[in-house]
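You will see chain A twice below: alongside chain B first, and alongside chain C after that.
Here is the complex of A and B:
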């Protein structure tokens, strides 16, 4: 546990990061003549652009960062594997497959794309866990990653397969292959926020169990918390958080992997602190990624998933090289 | 002496015939047969060229959708052609199986396959996808020479230019001082065709101005077919908006009711028009341009 003045400074830094990301995301966009300063002129156009177009996108970026960061934190804790994340375990790809099925198969279409994304995420997560032996109470780290890669690759191959079926379906599905929030509005953002806030509360409620399971499944069992219950609840929560995120924005890789590590590096391993820290860090990262996505390739916008991968991929590589023992 | 003259004339004629078979195109010079009979075309604008002089291709990259070859073309070329797959990735195997004696390919889509295509048959490569209207008319002349119908093509081009001049005379006075913008929209996005695109250059020829600022940076799709958000569209804000919809409801439809969309000049003035996306966006050439012009006459009649 770090000294409290240092922690105070960290919290101040984190707050500045989130605020800075928010301002960057709000200040950038398709209209060069609309900035934050023009808001003070009382210009109606500026108000419309900021409120209708940019604000929902900014909030969506923050919610996505929090959702994916939390999903990653929960998955890393319950699997006790530093490489676990919604993308590595095939959960994002499973959600994308759920969405693709909703577009292609009429029966699934009736379930609705959002629910199908959550079902897909959950199904893929369950499969990965089963392959790793998670439900027998002994999870193998290498099997977990390999299982995740296999489930992810299979789901993604199925998504790619739907491209070949019909042009119009392919166009609808292709949107779900890379994270993009270019044209997001309040409807989708509200939906996302309704998963983020309860998700954050649920993760906080689960944080004590996550502390225990971090000690090892046997230790958790000894301390009175059945690891299988923690595993199931954590899995459910991660699937809902990742599934809703994919249904709104498409799969975004690396955020769920990078953010928990950064938070642990800054705040230590206590989950009651880690949960809000991860939510704030994730939000700050995605807000910055959103701002950058509008600047990097202007005037054409880059999908936020691409920018997130550009930031996250080098970190992943560093982590993989640095981690000496995966078993 | 007379015999010598006759031989010289004959030799001269032969030389001319060989010279006529040398076609300069975007990837070099290709020797083509004098009167090719089995032609494979890999873009829609080349169907336009062949149909305009009454020649039917044996193979067409029709995106595996025969209806994409519109009735105006099938009325001339019939429906005996073999589909050689998509324009993006035509099947080299099917093309080879047709034993063509001339292939007409696109610079952007097929440059990498030029070597292989040339092994199958003499291949000429032109910029159909990236070129503007004027370039597409110039390409008609090249194709006319390549298929041994230079004179017929010259006549058709002259006739087309006269037709277009009449359309310009009808439209330009009404277009004066107005900006117009064409874009295609599917379920997920809007792509505006910039002033350097085929449709952009057509609109300019008819006297419309453009409020799009061409960036010039990036690849073909970034500068010619520009992905555009509602916020960006609100800054471009042209007097007339023409949409080709590939989906129903389209992405643009989802903007209806939003303050920024309703505040667009074209939306508040009732000057948003829908045209057949396929004809405007995928087709190029003389007949295609005349269809576009006829649509524009209708549009301008509604604005009056």
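Here is the complex of A and C:
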């Protein structure tokens, strides 16, 4: 644990990051003549651009960052595996499969796309855990990752299979499968925010259990917290957070991997601190990524998921080579 | 099953699959008509569909499937890792990224140069893996994870290029990336077959060396072998086979993983028999996947790569659970 003045400085830094990211994301976009100043003296058109197009997108980016960061943190804690994250364990792809089924199969469509995404995420996560031996009390680190990749590859192939058969949606799928928030309006953003706030509260409530399980499954058992219960609750929460994010923005990879590592590096391993820190850090990073995605390849926008992957994938490679306690 | 009988058996199956591949699709062609067309007999013929469209594509499926199968068998033997394959260790994605960069950066690139750019990408990915496995003795499972990470990194680059390029330039590579044989013609066969055929022969000729390498490097050196050099040559052959295949048919996931395992179930682990059988199994898998993709819902085509992934991913999990991989070695 770090000394409190340093902690204060970190919190100030984090706040600045979130604020700066928000401003960057609000100020950039296709209409380059519309800037922040239009908030105060713009005409009706620029007001519309800012309030109806950019603001919901900015808020969505913040919520997505928080959701995915928290999902990643929970998964890394309950599996005690530094490589775990919603995308690596196949959970994002499972959510995408649930969503694809909701669009294509009428029976599933009646359940609603969000619920299907969450079911898909949950199913994929359970399958990966089962392959890794998580429910027999001995989770094999390597099997978890390799099993997750296989579950993800299968779900993704299924998604492409369903979309090949449905011609009209196939065109828009490319952008969606990499994670895109260009077309988000207030409807989707509200929906997303309704998962982020309760999600954060639930993660805070779980944080003691996460602390215990990070000591090891046996130690957690000895201290009175059944690791299987933690595993199940954490899995559920991560599935809801990742599932709703995927149904709104598509499977954004690597945010859930990178953010918890950064937060742990800055704030140490105490989960009551980590949970809010990850939420803020994830929001700040995704806001900046959203701003960058509009600047990098202007006038074409790179979907936010691609920007995240360009940063996150080399990071994953680095972790795969360097991490000591995998074997 | 002895290798000779396995080869005869698989050749028969492959012939049947190839006939099916010529017959199915948006327009069904009955078998007598196919035979008439192929051997120029009297009677009704379907020259355009058969010789211009389906025959080259079937040939391409045979050649690339065989290459992927042999490539996978060599890589599994070299790394002594049952989970390894060109796809898992990132060669496919590296090749795909390099081709995409080449095609988009140099639109006037003659098609003959495309395999070369694929080779550059595939070799780069293989080189990274070679360095890691030779210099830092990493465990098989970690090697697989590192390979997956290399693949993810290349995929991120592919995605970036795909979504930022303007729409027309995107649509062609997209079909290609999903691992599809759609609209492949004789020119594609002509480009890659002259490269892949000699490589396949080299791979088959060197197959008995793999048996010695599998004993471990100490024993192999004691038997008078320059282990480092031979490993390098074999890995290069495997990487070339995989990346040249990728340059025409895109990423056909899991063929290089499944083919050697199925071959091993049939004829055992002796590489002299294993490699030709793996080549036949690989060819059979790709031809079948391509034909099935056309037969499921005509006139829509399901990419062969989607079908191989649908069967390959569960197969990978099955392998991981049944073979006790040495995660802690």
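FYI, the second predicted complex is superposed on the first by the 318 of 327 C-alpha atoms of A that agree within 3 Å, B and C clash if a C-alpha of one lies under 4 Å from a C-alpha of the other, contacts with A are read in each partner's own complex, and residues count from 1 in each chain.
As a working rule, contacts are C-beta pairs under 8 Å (C-beta built on N, C-alpha and C of every residue); 3 or more make two chains touch, one makes a residue touch a chain.
No experiment lies behind these values; they were computed from the predicted model shown.
Three-chain overlay on chain A, with chain B and chain C in a clash. After overlaying the two complexes on the shared chain, residue contacts for A:53 are found with chain B alone; chain C is out of touch. By the document's definition of touching, of the two partners only chain B reaches A:182; chain C does not. Of the two partner chains, both chain B and chain C are touched by A:300.
Put simply, more of the residues of chain A are touched by C, taking chain B and chain C as the two choices. Residue contacts after overlaying the shared chain place A:29 against chain B, while chain C stays out of touching range. Applying the stated contact rule after C-alpha superposition, one finds that A:310 touches chain C and leaves chain B untouched.
By the touch criterion defined above, A:114 lies against neither chain B nor chain C after alignment on the C-alpha atoms of chain A. Contacts of A:290 after superposition on the shared chain: neither chain B nor chain C is touched. In the superposition on chain A, the residues of chain A contacting both chain B and chain C are 174-175, 297, 300. Taken together, the chain B residues at the contact with chain A in this complex read 186-189, 215, 218, 222, 226-235, 246-247, 251, 258-260, 263. On the chain A side of its complex with chain C, the touching residues are 83, 131, 140-143, 145-147, 149-151, 153-154, 156-158, 160-161, 164-165, 167, 174-175, 178, 253, 297, 300, 302-303, 305-306, 309-310, 312-314, 316-317, 319-321, 326-327. Against chain B, the residues of chain A that register as touching in their complex are 29-34, 45, 48-49, 52-54, 168, 171-172, 174-175, 182-183, 185, 297, 299-301.
Against chain A, in their complex, chain C makes its touches with residues 83, 132, 139, 141-142, 144-146, 148-150, 152-153, 155-157, 159-160, 162-164, 166, 170, 174, 178, 253-254, 297, 300-303, 306-307, 309-310, 312-314, 316-317, 320-321, 325, 327-328.
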